[in-house]
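Letters A, B, C and D mark the chains in the order given here, with residues in each chain numbered from 1 onward.
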Amino acid sequence: MKDYIFVLEMETRDYECDIQGIVNNANYQHYLEATRHKWLQQEGQSFRQWHESGMDVVVAEITMKYKTPLHGQETFLSCLNVRREGPRFIFEQDIYRKADMKLCISASVSTVCMIDGRLTRGDELAAMFAKYL
Amino acid sequence: MKDYIFVLEMETRDYECDIQGIVNNANYQHYLEATRHKWLQQEGQSFRQWHESGMDVVVAEITMKYKTPLHGQETFLSCLNVRREGPRFIFEQDIYRKADMKLCISASVSTVCMIDGRLTRGDELAAMFAKYL
Amino acid sequence: MKDYIFVLEMETRDYECDIQGIVNNANYQHYLEATRHKWLQQEGQSFRQWHESGMDVVVAEITMKYKTPLHGQETFLSCLNVRREGPRFIFEQDIYRKADMKLCISASVSTVCMIDGRLTRGDELAAMFAKYL
Amino acid sequence: MKDYIFVLEMETRDYECDIQGIVNNANYQHYLEATRHKWLQQEGQSFRQWHESGMDVVVAEITMKYKTPLHGQETFLSCLNVRREGPRFIFEQDIYRKADMKLCISASVSTVCMIDGRLTRGDELAAMFAKYL
């Protein structure tokens, strides 16, 4: 496993699986979002409070590579790194099945920061996360 | 808090909230299902294996009373009791917000056991869970 | 089929089905909510605009009886009646599979009206829907 | 609007929106899947029947570019093209808001065909969809 700045242990739920008996593709996007928000929480930040104060960090582009499917009630590690590319904050997020550390999904999530509905250069966000960038 | 045979600590996720900023009503049903399946897992049983062997425990009726809404990233306790009424296995399930132990939802979930697509009297299930009934 | 004040034709989607190959229980609650909101839209009302103006109609209690499961890509009719009982507005909602008009689910959804976070007697809502009450 | 081999009119539902009042990112993946399955249905094929016969078409990689957010109860056009690249069947899928035909999301979904759990060269699938490839 690579080095990550944040690792969250999570578990799949049966209702997230579809008729193939594996987690439906879209639910991985939920896991990735939950991981980013949990990382923010650890950093003392809150997506909800940001929204209420007029700041929204929104996904501009996401790429997900599906490697190994997860089944119901399986434990996995959801891992995160972040870097800045101009106005974009790019989260590299990988999910590993805990039982054998197989890579399940590898994602790149490119976000931008809006304040009062306008795209910013990202300096406010960069100040918050300076130690990681 | 009443006595329960099973208590699971869970946490809401932001994507489960709607425009009102509170967890969407249907998601509580997901929490309740996840709690039942997690209890089964602790008992050495698996909803998925049951299904593969031809046995399905299905919900016949559910009543949910909404008391206090949960917001994003809140921790809650999902609590469960079970009793039998003839062919029905009734799960009494309550959810409490952990911060102040306020009751969020109180549910009664009435299930029946199907084997190979036919309704049973529930004796197979009763044998598995004899110690709780 | 009984008489209803509103009937909406909908179709299940495969991602709404679980490993049993049938629509997951919680998703019916989504169908019921979507039907109420669609009825509101027809009446020139909007759940979102209500929320923005400080009014929220929230579910206090829901009872759902599951009769016949729906599978993926099946068309169904989602039917609605409403009545008032003091501060409560009770939606009687039934879902029928279109192919054979079998009753799939029968639900009673009891709602109350909050204005600026306080429970009302429901007079504002009653005025909007006088012709149905 | 470009030319597409399949266009499906759909409508967002309020429960698909999050606290920002816009459709949650993961739900677009649901729309894209529902569109592919609906196209299959029109072609006389069924994802569910494929699964039951041992054939699964699974997503290997997805890229989604988010352009304009959809709100609750908005009508949109979900558009699809398909092409083959060796064993991969790539769906180019775009979603337009119907009111002003603004591009909401542009996605590329790369799928492969598994038979009895083994990756195939895709010839079975290519035969089914020869007229589009």
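Observations, loosely collected:
As a convention for this text, a residue touches a chain if its C-beta (ideal position, glycine included) is under 8 Å from a C-beta of that chain, and two chains touch if they have at least 3 such contacts.
Quantities reported herein were computed from a predicted structural model and do not represent experimental measurements.
The most distant chain from chain C is A, comparing centres defined as mean Cα coordinates.
Chain pair with the larger contact count among A-D and A-C is A-D, by C-beta pairs in contact. Chain geometry summary: the mean Cα position of chain A and that of chain B are 28 Å apart.
With centres defined as mean CA coordinates, chain D is found 22 Å away from chain A. The geometric centre of chain A is 33 Å away from that of chain C, both derived from CA atoms. Chain contacts: chain C has residues 14-15, 19, 21, 24, 26, 30, 33, 48, 72 touching two or more partner chains.
Those residues of chain A lying in contact with chain D across their complex are 19-20, 24-27, 29-30, 33, 48, 51, 56, 58-66, 69. On the chain B side of its complex with chain D, the touching residues are 14-15, 17-19, 21, 24, 26, 72.
By the touch criterion given at the top, residues 13-15, 21, 30, 33-34, 37-38, 41, 46-48, 71-73 of chain B touch chain A in their complex.
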